[in-house]
Amino acid sequence: MTRGFYIGRFQPYHQGHHRVVEAIAEEVDELVVGIGSADQSHSVRNPFTGGERIMMITKALVDIDLVTYAVPIEDINRNAVWVSHVQSMSPNFDVAYSNNPLVVRLFQEAGIEVRGSPMFDREVLRGTEIRERMIAGEDWEDLVPEPVEDVIREVDGIERIRQISDTDIDSPND
Amino acid sequence: MTRGFYIGRFQPYHQGHHRVVEAIAEEVDELVVGIGSADQSHSVRNPFTGGERIMMITKALVDIDLVTYAVPIEDINRNAVWVSHVQSMSPNFDVAYSNNPLVVRLFQEAGIEVRGSPMFDREVLRGTEIRERMIAGEDWEDLVPEPVEDVIREVDGIERIRQISDTDIDSPND
Amino acid sequence: MTRGFYIGRFQPYHQGHHRVVEAIAEEVDELVVGIGSADQSHSVRNPFTGGERIMMITKALVDIDLVTYAVPIEDINRNAVWVSHVQSMSPNFDVAYSNNPLVVRLFQEAGIEVRGSPMFDREVLRGTEIRERMIAGEDWEDLVPEPVEDVIREVDGIERIRQISDTDIDSPND
Amino acid sequence: MTRGFYIGRFQPYHQGHHRVVEAIAEEVDELVVGIGSADQSHSVRNPFTGGERIMMITKALVDIDLVTYAVPIEDINRNAVWVSHVQSMSPNFDVAYSNNPLVVRLFQEAGIEVRGSPMFDREVLRGTEIRERMIAGEDWEDLVPEPVEDVIREVDGIERIRQISDTDIDSPND
Amino acid sequence: MTRGFYIGRFQPYHQGHHRVVEAIAEEVDELVVGIGSADQSHSVRNPFTGGERIMMITKALVDIDLVTYAVPIEDINRNAVWVSHVQSMSPNFDVAYSNNPLVVRLFQEAGIEVRGSPMFDREVLRGTEIRERMIAGEDWEDLVPEPVEDVIREVDGIERIRQISDTDIDSPND
Amino acid sequence: MTRGFYIGRFQPYHQGHHRVVEAIAEEVDELVVGIGSADQSHSVRNPFTGGERIMMITKALVDIDLVTYAVPIEDINRNAVWVSHVQSMSPNFDVAYSNNPLVVRLFQEAGIEVRGSPMFDREVLRGTEIRERMIAGEDWEDLVPEPVEDVIREVDGIERIRQISDTDIDSPND
């Protein structure tokens, strides 16, 4: 039995993430999807709460033929203990998937196997691009799995991101 | 669609918890199982990590006819913001299940419906009782769902709890 | 101009505290009332929030002939920086009033003048005594200034402390 | 009885803030002035401590015909629990005043009424403008209420902000 | 080259600790002395600051024929990341010395070699015993290396521990 | 006896720092070298852990004729309590050496003597310059004491900083 670990912020979970999961599904028996910065929300960069992202991922993965776990990972702000933090919050895993050089380095120093995650259509399938489209009132729906669109509508996500993008503030006292 | 929220520390997830989930399953369409003190582990009171408890619950619920989410909730140590913390980490829920008077009070003050969770065989089906049996070398296996026993064996849990119970220390510097 | 500093948890603010303030008023021109453990609430030991305690104190002091400031002080859990923390959150003060030996020591090591605060009827005028009476359904109203009773009623404080005292839990996961 | 809540960082409290308070005074019976980022100080952006800002506000409001509370609010760095944090530290309030889009959104999601606060002479009456004048040695005194000028002089504030602006450092290790 | 790691709270560093270091010196080339709960002080259980304990240890070890490092380790309150925390704050080490069952377990789970540290005269050479003697006004000087006695005198340590032991409070708001 | 305190981040400890220490050695009997942001590592700005920096400094100072202490100081992110934090983690000191205007200000407000530290060849002997050379594959070895070069090689530091500089991310979720 091989269990993989795939981390991202998933703001929101989009088609690019989804294709990565489908590709990883060829290689592992179970997959933990780690939701990074789970404690951050209501900012342009992190508009959705950890709980909202759990819903997006769980619903998007319902028909995929793979045992998956959606696990929120709060920020710990100390790179040297980050791998231990992740390991304590996640079911045990054998291999981590990431293209983030810092994540790759931290897992490597901890002696954990890391594989690059495939990339799909990185020009468009990026969280930044999708969030900018939401703010600008452009089409974004095709860039995310349908259940993700439902979650975003249910939590009034478009109005939220537009409202908080009025200025470039990220905290209540900015 | 009704979604329920059921919180506990699940150290470990046992037959008493499992029967509660089965009873709640009669009343809701989806259930979030919130894993409290998810950041605590390796103590007599909290021997298992958040990740280990996610595994216990996910595997124990695999055959239950209910959409479930196992969501780790780190301690925040401020009762007045605890409900907001839980809400931000969990998929939205309509009703909370708890018999803990503080949890009941906090949800009530926040205007959230709370229902008492049924209790089953509280003399034996308690985390404390099960952990004491583990330490004493007595039978505990029948008190937990079979997949939970597997997880505990896989992570060498019996040896861990016995070793750390040698003294009543709970932190490395006690 | 002399400004004093008087710290307590004020759970609740009672006649004993009030007489201390009246006595201090003879010695200083302005008084800062520091509300300790301001971030703690909804426990038997700390039933009321920082904001509720600000209301109690501000309303109880409305007719006293002294400029007063009610300042919440969150716990910092490191004794060695506690005085600096207090100083940064409070208007400057010249003398601190306390009978707590640790507080006295910390202020002394920081070179701040400390005076013992007078004590009044310590058998009855203690937070513990008043909270126990609230839980037991006994008379407590005469032990607090009238505006404090109003605040406690307004926030449904008696029902809160009774409910959370059902067990000796202090956190949602106990 | 209506109680309002008005939040800002008040670095420093200036004539623009003061006119807002005067305008709100027409609409409410009591006003809580929430001092945001109360734990931050000694930086160009947040030169004054929470305690110094309490003094500025309390003294500036002494002659205003309104019951006011100056309440320091420490940063909590999690937008999703920020409203609960504010509520626990403040006397209860019925309406919040803010023009900050994030604050407006957070209060709205929590079901709290928000009103825009009026703006006065925003070109000049801004904290940034006043702090820059302090650093540059230009006139700033007319932009703040007189008691605020006194507090700033008493704490040697001009010299402090000039000294720490020598470089753009904000922490001791930058 | 072998480097060892020996952790304790050292409240204060006493003859028992010193003999352990002398014994370890036979086995390693360099030794890191980790000062646990370095952020705690001014309580009966942790009377001395991290800095005061660095001085005790450094001065006591000046004549020992071993390269030593005295490294303060702040509490992190999450057992699962404690080993990573220690490793990031300490020079690399090959073997850890401890008799604390939790410390032993945590290092073992992280794959680090642990050796029991020898014990000397545990009836008397215990921090608790020494602190009780200090409070009671009994002889304690012979139980610590001479430079440790000097440090305790220099920081007025006896008066401090006596004063804060007047009650069993451990925080300014107890 | 005079003890000095010299703080920096020492990322890495270089010849400029070393000459400062040599100059301070003329003025004091003992020197505490405070390692700032000790909890930060694995970023372009803070590539080395607190423990790695302790090693660099201890080994570089082995032949200097001065009692020195290398003390890691974790960030506390509140300028108003930073001096107390430093004092609690460090052996007592009489004079602080710094050219950082914020550090100078904070020590001055706390009534501690501060002396400017001499500067040597600031064009080249800067952490930023040295880290950029490491990333670019240029010569950096001559800019640090030889034992520092050894430590950096031992911990595979060049490869680490190159790898994490691939992008400008500083946290695992960027």
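The chains carry the letters A, B, C, D, E and F, assigned in the order they are written, with residues numbered from 1 in each.
As a convention for this text, a contact is a pair of C-beta atoms (placed from the backbone, for glycine too) under 8 Å apart; a residue touches a chain by one contact, two chains touch by 3 or more.
Worth saying up front: this structure is predicted, and the values here are computed from it rather than measured.
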item: Self-contact between copies subunit A and subunit F, residue sets same or different by half; value: different
item: Which of C-D and B-D has more C-beta contact pairs; value: C-D
item: Where subunit A and subunit C are represented by their mean Cα positions, the distance between them in whole Å; value: 45
item: Centre-to-centre distance between subunit B and subunit A (centres being mean Cα positions), rounded to whole Å; value: 25
item: Where subunit C touches two or more other chains at once, by residue number; value: 39, 41, 49, 78, 80, 87-88
item: Topology of the chain contact graph, where touching chains are joined (line, ring, star, complete, other); value: other
item: Touching chain combinations (by label order); value: A-B, A-D, A-E, A-F, B-C, B-D, B-E, C-D, C-E, C-F, D-F, E-F
item: Footprint of subunit E on subunit F - complex, ascending; value: 38-39, 41, 49-52, 54-55, 58, 69-72, 74, 87-92, 154-155
item: Subunit D - residues contacting subunit A, complex; value: 7-9, 36-37, 75, 77-80, 82, 100-106, 109
item: Parts of subunit F lying in touch with subunit C, wherever the complex brings them together; value: 76, 78, 80-81, 83-85, 87-88
item: Interface residues, subunit A side, partner subunit D - complex; value: 39-43, 49, 160, 163-167, 169-174
